[in-house]
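Note that the chains take the letters A, B and C in the order they are written out, and that residue 1 is the start of every chain.
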Amino acid sequence: MSFLSATGMTGGYGGSDILHDCTITVEKGEIAVVVGPNGAGKSTAMKAVFGMLNLREGSVVLDGKDITNLAPQERVPEGMGFVPQNRNVFVSMTVEENLDMGAFIRKDDKIEETKQQIFDLFPILGEKRNQPAGELSGGQRQQVAVGRALMTQPKLLMLDEPTAGVSPIVMDELFDKIVEVARTGVAILMVEQNARQALEIADHGFVLVQGRNRFTDTGEALLANEEVRRSFLGG
Amino acid sequence: MTKRVALLYGLMCLVLIAIGFLQSWNVAFGIFNLCVISAVMALGVNMQWGYAGLFNVGVMGFTALGGLTAVLVSMPPVGEAWAAAGGDIALSLLSLAGTIVAVIYARRIVPPVLKLPVTLVLLLAGYFLIGVFFGPATDAIESIDPALSGYLGGAGLPVLVAWPLAGLVAAGAGWLIGRIALGLRADYLAIATLGISEIIIAIIKYEEWLSRGVKNVTGIPRPVPYEVNLVESEWFINLANFFGASEISDAASLFVKLCYAVLFVIVLAIIMWFAERALKSPWGRMMRAIRDNRDAAAAMGKDVKRRHLQTFVLGCAVCGIAGAMLTTLDGQLTPTSYIPLRYTFLIWVMVILGGSGNNWGSILGGFIIWFLWVEAEPFGNWFMSTVTAPLGEESELAQHLVAGAAYMRYLMMGAILLTVMRFAPKGLIPEATNRSTAMTRSS
Amino acid sequence: MEILNALALFANFVVVPATAYGAQLALGALGVTLIFGILRFANFAHGELMSFGTMITILVTWFLQNMGVSIAPFPTALLALPIGVLAAISMALVTDRMVFRFYRKQRSNPIVFAIVSVGVMFLIAGIIRIVIGPADQSFADGQRFIIGAFDSRRALGLDEGIAIKQSQVITVVVTAIVVAWLFWFLQKTRSGKAMRAYSDDEDLALLSGINPERVVTICWVIAAALAAIAGTLYGLDKTYKPFIFLQILLPIFAATILGGIGQPVGAILGAFIVAFSEVTVTYAFKKFLAYLGPTDWAPEGLVQLLSTDYKFAVSFIILVAVLLIRPTGIIRGKVI
């Protein structure tokens, strides 16, 4: 069994189902990317993994523990870190306070150490540690958001379209950082609009269409797949 | 559904009839008349809250404006006051108009940076200019026979003319405040209306030249016969004898109450007819659509703020009419009697209890809550006396508690409001359409 | 000399009373803005909560006075205040558990919360009027003036003195201590930061593992404590009038919106602006101008912008100006 295995997820927000027997798995230290056309249920799938959606069927197992019935905030102590797409920083608080809030549930005394690691990973955050997060640029905010999530020392880091609305240069930089995070042994699950670039750094890719798994393979293989390229990567 | 309405209305009737038999018909109709006025106010608030989801915490102010209108329309003009200060009053009005024109004109021609300072300077200058004429005018007016008049008086028209006019005046005030506070956070409207109502009361309380202030205006001409005349007129004596009345003065006061009741019920019926027509018209459907999903309605190109303003103004007008009716019934304007708990928040309890968005519910809520409000006092006295009976008559605590018994009504209203909001948020007579989403929609 | 006299006059009748009044408003507005920020609704019961805390303080004060306990020259009410604070906190927590929590679980519309707070207002108003009655109560004892008008006249060598009441000094000192503590709490402590985070973004706060119920509890405790302190100081400075606490909501709300909803610094700023405007606008400048002008020169009228009867109109005008010009307030607050 994989480190995270969300299998057979079926459900929606009420009314009709959005996800149909959808399965997503991630291994430790690997990057899994969920791609697909608009309205394919990518973000919904990620929300389901994080417990923000009521599943009618299917289960979510993290590190051998069934967490299907836990509320989102109860999954954070279990080792899940989640970076929402919008509103992912406390705009009125400084960068450092944002990181402190990430460490809110931690009781150990290594918090300063983790904070230093994050400043090493994102040097700009160290420079702007006393500036309100609301005053930062879009790319810097994303770094704060990722940093905040990393402060919980998650075993699985989930990113909902981390590169939405940032320039291509910043996007490349962000992806580099994400790879770096993965190398430290954290499992990464990411939903992306920029499918090609995302698949380039992905160990595994999941192509969703209408809430169903359409293709599942390594990132490399998906990029090489003629049909995937034609249908989802624009040729 | 209709069965439920009929049943609840029937029960309310029975209770009033029981009061008639047990206490007296005078008491029953006294309560009934105020119930009808309360019902009109509740209809006004229901238009704002039930149709459009607007939280108006200034009902008291619009009611008081209606009352002031009744005074200004129906009281005889004080000739001396006009003679002494009419010119100054006219000059004050002229300066006011001049100031407004100057501000509007200046704002057009000065560069944007200077707009605010120029406006402020002109307003200040205008304020002092008005004061030059206005100060002596009010002094002159208030010094004329202060014990009896000391104000300008009214237009000397029949008081019934004041009822529709009161609606217009209150609508004007509602329009002003709505223009400012609608379209922003929902609670801004609440706070702004709270403010305007306090100011309206302050004006009525302290502008003696206008309303005699705390000296009260009494003896407002009635639209119905006076008891003293009735007891002397032959036809009435015959009528009373025909019904076998034992006491002619009781019969007269009952007859007066009946006349008011007929007038009030006519007004209630007219407003109700319009309210129901409006609710079922395309306009009403659109209002509810906006209330239930503002963003979706805005996305469909509905001018939400404009619609809200319309409903708000209509609701204020209805409250104003009710205010004029109330002052007519009382025959006097007593500014100190206007307190928000009684004139604003009590009306809210009526609407919530009756059923937000349902006009029939609002009327029923008006009846029930007014009835309880009146009967809470004797009930509170009885309750406190019973509870404190073991303490003995001499006990200070017992006397203190009995003295405070009248305030049991606040507790009761709070309890009713909280209970309904918690366990039956749709009220006694729920809105016919599906409102469940409206009450829990997130902002 | 004449200028100094004018300034002394102004200080005596405007600066000193407005400072004390502003401090009282600030404590109330801080509570309202915290509730706005954390629970996200306009709490119409806040005035009555102030009144309730004050009432308990008064009752305990009377009890202490009867027992012969005194901390002269300070007013006995200061000794009773902690009990009043505890009572207000209990009342706030009980109403939260019994009333507001239900709607929080439902994620109800802020307006529903506001209406429910009206119900709470009715309840507390009823309790207050049954327990202490609707009449005015005076409970200030101890020394009345710290600096009397006469003494200060002699000390300054002026015709005009600056009288400072003890209650005014107590108000300012207590407010300064409480506000300093509050900002330390919000900026430096874990719970304070959690409150700010929750006020900033509820969902993200949940993701960070912040317990919303705990934040809400702390918020009520602080708001109620501030309310009781504010009400007691106001009562000491003037007198305790049960009906005033519905009217005082208006300047408090005006201060909150002027400062920016959910912004503690803004609430304090707003409170002082409202207080100074109110006192300045209703002050008769006749004597003040007489000092500044040539000898024997005095303006005709009182030179009063607005009669004291209309002091609530000042808050309203400020409120309207804010809504028209900058609905977010001085320090950008929440506008939905």
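As a convention for this text, a residue touches a chain if its C-beta (ideal position, glycine included) is under 8 Å from a C-beta of that chain, and two chains touch if they have at least 3 such contacts.
What you are looking at is a predicted structure, and each value in this text was computed from that prediction instead of being measured.
The touch graph of the protein chains shown is a line. Interface comparison, B-C versus A-C: the higher count of C-beta contacts falls to B-C.
A comparison of C-alpha centroids places C closest to the centre of the full protein. Rounded to a whole number, the gap between the C-alpha centres of chain A and chain B is 57 angstrom. Rounded to whole angstrom units, the spacing between the C-alpha centres of chain B and chain C is 30. In this assembly, the C-alpha centroid of chain A lies 46 Å from the C-alpha centroid of chain C. For chain A in complex with chain C, the residues that touch the partner chain are 72-73, 76-77, 82, 84, 87-93, 97, 100-102, 104-105, 148, 152. Those residues of chain C that touch chain A in the shared complex are 190, 193-194, 196-197, 199-201, 203-210. Interface residues of chain B facing chain C in the complex, by the touch rule stated above, are 53, 55, 57, 127, 131, 135, 180-181, 184-188, 190-192, 194-196, 198-199, 202, 205-206, 339-341, 345, 348-349, 352, 400-401, 403-405, 407-415, 417-418, 421-422, 425, 439-443. Listing the residues of chain C that touch chain B in their complex gives 40-42, 44, 99, 102, 106-112, 114-116, 118-127, 129-131, 133-134, 243, 246-247, 249-250, 253-254, 257, 261, 301, 305, 307, 309-310, 312-313, 315-316, 319-320, 323-324, 327, 334-336.
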